[in-house]
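Working notes, beginning with the structure itself.
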């Protein structure tokens, strides 16, 4: 159920409704909107309390949310969710496209900085790089772990890039939450419900990748797991699904972008690197992703892809990334977006040079 | 095998090589290029004749084509195939995007003209409309047949639009070839090899749609069936493949566009109507298709989609089509394309005003 | 709609109802059952005539068939369809399992007879062998055509095996109908509606293979195309669908067998050869097919599979076929079936010994 | 790499080789076989040490394992793995089929006992029942947790059934390992590598379900994750993959059974309940699973499926389970298997009656 507050409801009235809901043993999720606040209720089974809720001060109406996903639904929050990062103008979900670039794995301080400097020079505001890698084989390179997190942290301090990196389990989740700006949960963990719930207890944005065979509803239900624990900053990411087609590593399903945007307020990015698995196709698919209306791109860049410890064949060169940025900048206004280049540190930030 | 002629080879030398190949019992497929002509050989099994071919006058070299598809391959013809239509500047495969628009089915003269006039006004150069419809149910509307072909023919004469319509079998193929400018072969017939071969004997361009579960190689092999009979004007069309995803009628696989363009010289279009099955998603996916680099769009437009006898839910309104044209026109230069509006009748055309 | 006749309705009454339906411009499909005859009506749009039909002599009731497939549905015909072959006790769809075995292609008289003699010796009652082959490549062996049909015909005469072979188009359909006992329509032609309708006008059983990405409903609708033209002897065949799985050529979907049997009265076979593409897996999957309840097996057997012109890797050896027959014979009674061995020529047959 | 010991190698020689390998910084995995012991080496990169290993006492040869999965491969262990349960004759992987039956979730002591008594009466030796449930929705019933584990434990004590139940994360893994006989890891966690590794450190058998879109290699690599940590008792389970087919909840891919058995020594079961999602199809698919050669069945049984808190529609009734056991018992000898009924408590067991 959803309690829609009146436009003029006071913070005290909103708090009183939340307290009332929690006292009933349910969970209240206040969702401020441009016009008015809505309060999602989870944990309740029936409709019994509708009447008493409607009588509380400041309440406009109580409505039933029919979809399986509630907090992720536009029924509960009509306006697009925009995720902001304190101290910078970087954002995910607004009119400005979010560009997240970097290597599959952090392999060394030199490698990470070499790539980070180049993607920053081309205007990326977010840097990606794996510290903990989910690998099909137990014998493959599994990431540098905490050492990589420290390198990433230094990149943020030195270059002003916001950091996106993946957490695999409880241990890495706590560390990633400490060091990164955005916690990535990978496709293979999209239905690792224990990890989702634990990420929901944190107060850091979570970038959730679509599972290899996840339906739209399952994808949003995974986001709902995070949100139901109180973390509403979820960024979705399409990265290709598994089909019979053999000309690409995965089949990038761009039609899910407008389909998601119709029913959910959450931002959604596209990963054309995993979505194709082939360097040649990354640029065309990145253009297509922005043209279809995605909120940004997550892309693998490597200065020496043939020496990469993972995903070399799908990593683009820094020069290709620069060209990609130029092309996306041209497409952006056609879909009423913009591509801001470089890092504009805002007044409240301190210390980054 | 492939015989590459010298740049300065004369038409007589080319003809002599073809005659020599045919005398051996094989089939010769001369493919003129910007620099020089290549001659594909099909029907041969081995390599025995390589030596004697290399000794013929005007021959530069004889090379083996290792791919399963030969005439469709860039090994045989490096330059993009551009299909031109006598009497107009309309083309498929060149720098100008090809826009094919119209209803799923021709339902009446009034309906067809109402839509044709509006898509022509927005700048489409090609009109589509089904005369023979492949329907899942034997009890569903199967098309107006010859009556529809006559209406389409009148649309060409009156509005100058080139006509694209589907052939289902031998009978309809002969009629469609008589009335239309481009013969469409649908996804369900992509491996109807008998129909492909027969279309290969005609001298009209064939628009071949990808089957619902066709791999890239199977798609090009289907084109090869047409080409092996001597008809080299094949236009490919991605229209979505069948997957588990349930948010769209099919999963539009845009990554096949750059993958095809890398290995084949044939033009490739995208059908965002069948590719999504939902009106809402047609515009975003049309933008994505052009951004990814497709040679054009095949799109269903209907002025009264809720009254359409087939595919109403995926047909866009004429006003949406006009907006789509505006958006595609803006994306075109980013991918080094252009969108020419309206019909420029060339000097050699007569009678259409 | 469906007219259910009273149990005691006379042939004249049934004929009168059919005549009445046809006079209305619709098509009548009388379906005799154990207890009473039902008459399917196709071609009608509405319900207007229900009242007058109910008043005709011998009519028990008129009911609406809600499924998209009507003549293929158990709503119209409750009892299993059993297809019998005059002059022998061979049948498809009854308690006795139907075993159809032979090479992918008829390659020569010697090859065909060598295999036919061995499968007959192991108890097969039906022989399969392609005369016209649908090949992905236009340059691959396309079958011996009419010459193969004559060899197959001779096998029937000499060995008493019933012949199953594929038709690809109108021309081959007429020839196959002339020479064979069962006309096969392949997976790639499952939605070649023109071919289906033409096969529906014949009076020979049609073995219809499931398309590579056909749903249950599409499969039955393809059967409905044949039946709507008056040919009710349709045999379905599951042969694997296309998925991401790469350990087999296709993914054999055995769960469609009970799902089809619940809603349709048509017999359904399984092809474990195309369903797996690997000789090793043919026997296990053949056992599974019978255990799940299929009406029989269509299997590729070759005495020299490494020399086969097509599908060698999935063809089993005659000795493996003999073992398969032993295993299926043991499984049969568990699912209330039997496996009759050899050819029992009935009294009305002549000349075969 | 793999060190094959001589047939007459002593335990001391085997231990010395293991010590030598560990001293090099690698991991040694001794795999006793009927004839001789092989020692898998994981963690090494190259071939440098081959020579010195070959010179150790008792070593027959050192061979390279070319497959990505090593410990799961028949290259390393040729004989089938049989997992035995102390104190009973129950086993998974041997000639006797393993039948694991019970409700999707443990809902109450009464419900669990009601079902357990009936499946035991029909001869099941293993009881399944979820204590921790991975649910698509955060608002759905998530299992009774520790309370369910205690009920399951009581069922083992009272009825002698071995217990199989799912672990979702580190916390539940430790508890499940404490209470259950077999730890299930579900399809959605098949590539939760952190959980797999942790399960690999335990010394309890792990039942690993195939992911919804896992290839054969990915499936075995997931098993390899468990084995690489020293737990070699892994039981695989096919439970259906996700495809376009809509007549079943999943598409049960039985052809993976013989394909796995060819390359791996691990036992493999089939779950016809999740594999079909429809009660009607469970029995036919269970028969097919045994006929294809699976080592057993994991099946959902509920005495009141319409009141089940999860998966009611796919749970069979106890009477259907009894009939299933009869049918499987008949099929077993055809594939050189047997179905032992009831619990034979061996001499070393105490207290269970």
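For clarity, chains are labelled A, B, C and D in written order, and residue numbers in each chain start from 1.
Going forward, a residue touches a chain if its C-beta (ideal position, glycine included) is under 8 Å from a C-beta of that chain, and two chains touch if they have at least 3 such contacts.
What you see is a predicted model, and the numbers here were worked out from it, not measured in a lab.
K.L.:
Taking each chain's centre as the mean of its C-alpha atoms, give the chain farthest from subunit C.
P.N.:
The chain farthest from subunit C, judged by C-alpha centres, is A.
K.L.:
In terms of C-beta pairs in contact, which of A-B and B-C ranks higher?
P.N.:
So, comparing the two chain pairs, more contacts are at A-B.
K.L.:
Quick one: report the Å distance separating subunit B from subunit D, using the average Cα coordinate of each chain.
P.N.:
For subunit B versus subunit D, the centre distance works out to 52 Å.
K.L.:
Between subunit A and subunit B, what is the gap in Å from one C-alpha centre to the other?
P.N.:
Inter-chain centre distance comes to 39 Å.
K.L.:
Quick one: report the Å distance separating subunit B from subunit C, using the average Cα coordinate of each chain.
P.N.:
So the centre of subunit B lies 36 Å away from the centre of subunit C.
K.L.:
What residues in subunit B touch two or more of the other chains?
P.N.:
213, 242-244, in rising order.
K.L.:
How about subunit B: which of its residues touch subunit D in the complex?
P.N.:
Within the complex, subunit B contacts subunit D at residues 242-244.
K.L.:
Can you name the residues of subunit B that touch subunit A in the complex?
P.N.:
Those residues of subunit B that touch subunit A are 213, 215-216, 241, 243-248, 251-259, 262, 275-276, 278, 280-281, 284-285, 287-293, 327, 330-331, 334-335.
K.L.:
For the complex, give me every residue of subunit C touching subunit B.
P.N.:
42-43, 68, 134-139, 168-172, 188-189, 191-195, 197, 212-213, 217-218, 221, 224-225, 228, 242
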